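Heads up, there are several structures right after this.
Look for chain A in each of the two complexes below; its partner is chain B in the first and chain C in the second.
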Partner chain A sequence: MTSILTNLFDGVAYGMLLFVLACGLAVTLGLMNFVNLAHGAFAMAGGYVCMLLVNQHGWPFFAALPLAFVSAAAIGIVLERTLYRHLYARSHLDQVLFTIGLTFMSVAAVDYIQGSSRVFINLPDALQGQFDVFGVGIGRYRLMIIVICGLLTVGLQMVLAKTRFGSRLRAAVDDPRAASGLGINVPQVFAFTFAFGCGLAGLGGALSAEILGLDPYFPLKFMIYFLIVVTVGGSSSITGPFLASLLLGIGDVAGKYYVPKMGPFVIYTMMIVILIWRPNGLFGRTAAR
Partner chain B sequence: MSASSDVGFHAQRQARWHYGEAAFWLVVLACGFLFPSRYLIMTDILRLALFAMSLDLILGYAGIVSLGHAAFFGVGAYAAGLLALHGIINEPVLALIAAGLAAMVLGFAASFLVIRGVDLTRLMVTLGIALLLEALAERFSNITGGTDGLQGIDMQPILGQIPFDMFGKAGFFYSLAVLFVLFLLARRIVHSPFGLSLRAIKNNPLRAAAIGIPVNRRLIAIYTVAAFYAGIAGALFTQTTAIASLDVFAFERSADLMLVLVIGGTGYLYGGLIGAVIFRILQEVFSTITPQYWQFWIGLVLVVIVLVGRQRLHYGVLYLPNLLIKQIGGRKAIVTVPESDA
Partner chain C sequence: MFERRIFSRTAAAAAIASLAAVAPAKAEDTVKVGMILPMTGGQASTGKQIENAIKLYMQQNGDTVAGKKIEIIVKDDAAIPDKTKTAAQELIVNDKVNFIGGFGVTPAALAAAPLATQAKIPEVVMAAGTSIITERSPYIVRTSFTLAQSSTIIGDWAVKNGIKKVATLTSDYAPGNDALNFFKEHFTAGGGEVVEEVKTPLANPDFAPFLQRMKDAKPDAIFVFVPAGQGGNFMKQYAERGLDKAGIKVIGPGDVTDDDLLNNMGDAVLGTVTAHIYSAAHPSQMNKDFVAAYKKAFGSRPGFMAVSGYDGIHLIYAALKKTNGDTDGTKLVEAMKGQKWESPRGPISIDPETRDIVQNVYIRKVEKVDGELYNVEFQTFEAVKDLGKTKK
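For the complex of A and B:
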């Protein structure tokens, strides 16, 4: 019984992490209809920045996390302004090719700079180990992830639903032409959203170094996971990807624990079945444009 | 001239053999005699060309974007490997066809998943199938050899006559023959009314359905054929290298294949062939400069191609030959730019 609860807890932490990693992609892929396979590269950038700051410059872990966000967002906005925006109107094939190219470049570049082995971030003592709550083992690090990611999710939902920027974004997504007719600077809104999504990925990358492992092949290894979150979750709201990430996280952890031999088999089968059953995602509302 | 006979006239003129095509195949054949020390890499190029042609059939002609074409390549490779390893079918040509058919069956089954949904769903489903097969191959390591791959494959002579030699000469001419036969078949397919209907579907599925083309059935058919081609390419890989390992399913293989096709151009059969040559040369050049990091430059090539625009790039490359033909031949350019696949 307790092992089930511990697994559930780990799964939730994993799912939350996936959500933070992938929710930027939910915006670019789901809302802006841009197939960005290079999303993992931004996560990797954030992870490596955090690792360098903590391990080599002795920054405290919690001070390095915001920097991971900022650096990934900065890379995101530079690339968006210089490269990505030219491709919004192009075919999906072009977008796929372009972002695969970027992914390959990022993998080779990080391999060149940092070597190909897995890196670890030195965690403060307070985050290590686990404690028992009614016999259920709770990892401190995972608890922190759940807290941070939970707060972020609530925050994102509030920003999207309550603020002026949120309504601008939703308007720009629903109908870019009408939105720009109303005086909304659509490219600017998209650029900002893109950068924010990259920043979140960077933060996720920094947090995930401990759980998912951080090496130069990160963008390729987890690309499919991010895509699953978005395609299964659908793109009409932020809740869809959130629930999809939780489902994926719990499913993956449970799958690895109870049927270790089947490996990632469970996840891929689930994804294909869901996509066949509901091509627009479990929680999708509108047909993809 | 009525409209329908006009269309028929142009379609037939398109389908006629040009001198350039004959010259192309003669050059390929001549390469086999001119560079006897390069058989291995040339065989590799032929295999890649066949694989690229397979993707071109669905991407260039039917407009199905696939990120997991390696699935069929891998099935063909393992099928050929297992057939040879356990001595089920010893004769390579028969084994080749059997492996192609195995991939074809999978392609037929997968096509029902692929025709549902739009671009994005297709990307995900094709990618998912390839990953699923990779996971399966890893899981059933007692059959596939796991991460070590299938080892100790001993190939019998082709047609019982020509043994595979260690310099790869037999392998090269065998691959070339297979490629040429399959090319002829593909050429027949794309110029047939069936092939023309595929182009109509690619340009506008709704309109194609409105004029009475059974869209889904056509897509299933071409996807199955493409899977057969990819399976053959995979089987050739196993037969000429005598190994089959997990990386036949790798995502990089599917991604590289896209690059091959993009370099060569989609929507005409020679695109895959030319792309395979250029891609392999690029790869050689990059890996001599930086053995470990050649992927960076491959990525850069992809990014640049997309940013410049594939159409514009091909216009640029073909500008000089067309100019020469116009000046010397005094007629309209015969080297045409492949049609758009937006």
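For the complex of A and C:
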């Protein structure tokens, strides 16, 4: 019984991490209709920034996390203004080719600067180890991930649903022409959203170094997981990817625990079944734009 | 127009003739060694270590042997067998190399094997560790190790040292399966029991569920083989899940505590017992000098891949010395057979029958020495042959 709860806990933590990593992709893909395969590169950038600050400049881990967000967002905004902007109107194939090229460049650049071996972020002692709650092993680090990611999700949902910016964004997505006719600066809204998505990826990259491992091949290795989250969750809101991440995280952990021989395939089997059942994802809108 | 064609033909003929006249003269005093290494990609640290070690050896021993100048040509294959094959073809046909060497992973070494046989040039394997490699061509000689060497020894050791129940966690690819099978064979033959067997996918993001399964199986120890880069992640999660406090030890072949990464793994790794062919803490004077020189030149600690490269180039030098500079491939392989020398890892030799390496296997425990983590050797199994060869 206790191991079921421990697995559930691990699965939730893993799912939350996937969500933070992938929700930026859901935003660009679903809201801006742009295929950004270089999303993992921003996550990697955030992870490396955090690692350098903590390991080489002695920053506390919790101070470095916001910096991981800010730096990934800054890189995102620069690239959006200089490169991505020109591709919004192009075909999806052009976008895929461009962003996959960008991914390979980021891999080579990080490999050149930091070397190819896996890096770790020095964690404070308070985050290491496990403690027991009624016999259920709770990892401190994973608990922190759940808290941070949970707060972020609630915050994001509030911003999208309740604020003026949220309504502008939804308007810009639903009908960019009408929105700009109403005086909404659509390119600016998109640029800000893109940067925010990149920032979240950067934060996710910093958080995942401990669990998923951080090396220059991060963007390629985990691209498939991000895409699974977005396809399964549907990309019209953030609730979809959130629930999809949780489902996949728990499914993956449980699959590996109970049927280790089949473990790696569980996540793919789930994706296939869900997509046969609901081709637009769990929460996809049937009529896409 | 007719005349011009004749002219161009003669010019071409003359050019070829002059090239032919120059080429053999050059070939007589240089010996070319084509190194095919993963310099990019996930295995890049292997390639870099071997390249560094070769540079170091040539600095220490000069670049001339038996009157020949040694020229090293490095090609990157990123550990992808197709690229290895292309690189080997280019090196053999265009560069006319006398040796090919390196090979970060087993499939790469196998991809080059038929080419070595056809071209009759020695293939010196300096990293890949599956037993069958040397059986694939009579021109293959190995200076690294085989997984059977370390896995059988740790199996024997564990069962004699109070470890009765073991859970295994190995990466699901050829070397992982080799490690698992040889360990299991020796461990169960001695009376041990494997209570849980998990194969993890090669690209494995998170060990958590597998480790939880290990923890619930309550074994005396976990036998682990994961590719070099994943060792750190494994050890961190092992500690995070409290398996160390539950009294479950980690044992395995030495890849999981590779010197290259060991120091970054944190204190969780303390007490891990592995069997392997080399530790940077090997107490011989020769190794102390080697480690000091390597650190000075490249700013990092040499791992077992570096030593394999160092010994690989030594073997090439030794073979050339023995043939007196004769570069006939068959003679060079003959000269390599039975070579014996003192390496930084200890005394080693090349088995004349299998062309595979014979070496000491050490049982080591991770300890803190001067504030750094090292594999400290405490027991030696001498002159271990590869036990994984196809039984005839």
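The definition used in the following text is that the second predicted complex is superposed on the first by the 286 of 289 C-alpha atoms of A that agree within 3 Å, B and C clash if a C-alpha of one lies under 4 Å from a C-alpha of the other, contacts with A are read in each partner's own complex, and residues count from 1 in each chain.
Rule of thumb we're sticking to: a residue touches a chain if its C-beta (ideal position, glycine included) is under 8 Å from a C-beta of that chain, and two chains touch if they have at least 3 such contacts.
Note that the structure is predicted; figures quoted are calculated from it, not measured.
J.: Quick one: is A:Leu83 in contact with chain B, with chain C, with both, or with neither? Answer first, second, both or neither.
T.: first
J.: Now for A:Pro264: first (chain B), second (chain C), both, or neither, which partner does it touch?
T.: both
J.: Is A:Asp111 touching the first partner chain B, the second partner chain C, both, or neither of them?
T.: Both: A:Asp111 reaches chain B and chain C.
J.: Taking the superposition as given, does A:Val96 touch the first partner, chain B, the second, chain C, both, or neither?
T.: It touches chain B, and chain C stays clear.
J.: Residue overlap on chain A between the chain B contact set and the chain C contact set?
T.: In chain A, positions 108, 111, 261, 263-264 sit in both the chain B and chain C interfaces.
J.: Name, in rising order, each residue of chain B that touches chain A in their complex.
T.: 59, 65, 67, 113, 116-121, 123-125, 127-129, 131-132, 135-136, 138-139, 251-252, 255, 258-259, 262, 292-296, 298-303, 305-307, 310, 341-342
J.: Under the definition above, what is the set of chain A residues touching chain B in their complex?
T.: Touching chain B from chain A are residues 29, 35, 83, 86-87, 90-94, 96-98, 100-109, 111-112, 220, 223-224, 227-228, 231, 261-265, 268-269, 271-272, 275-276, 279-280, 287-288.
J.: Okay, in this complex, where on chain C does chain A touch?
T.: 40-42, 44-45, 198-201, 203-206, 208-210, 212-213, 216, 229-230, 232-233, 236-237, 239-242, 260-261, 264, 266
J.: Can you tell me which positions in chain A touch chain C when the two form their complex?
T.: Going through chain A, the ones touching chain C are 3, 6-7, 10, 14, 108, 111, 115-120, 128-130, 137, 139, 141, 210-213, 215, 217, 221-222, 225, 252-257, 260-261, 263-264.
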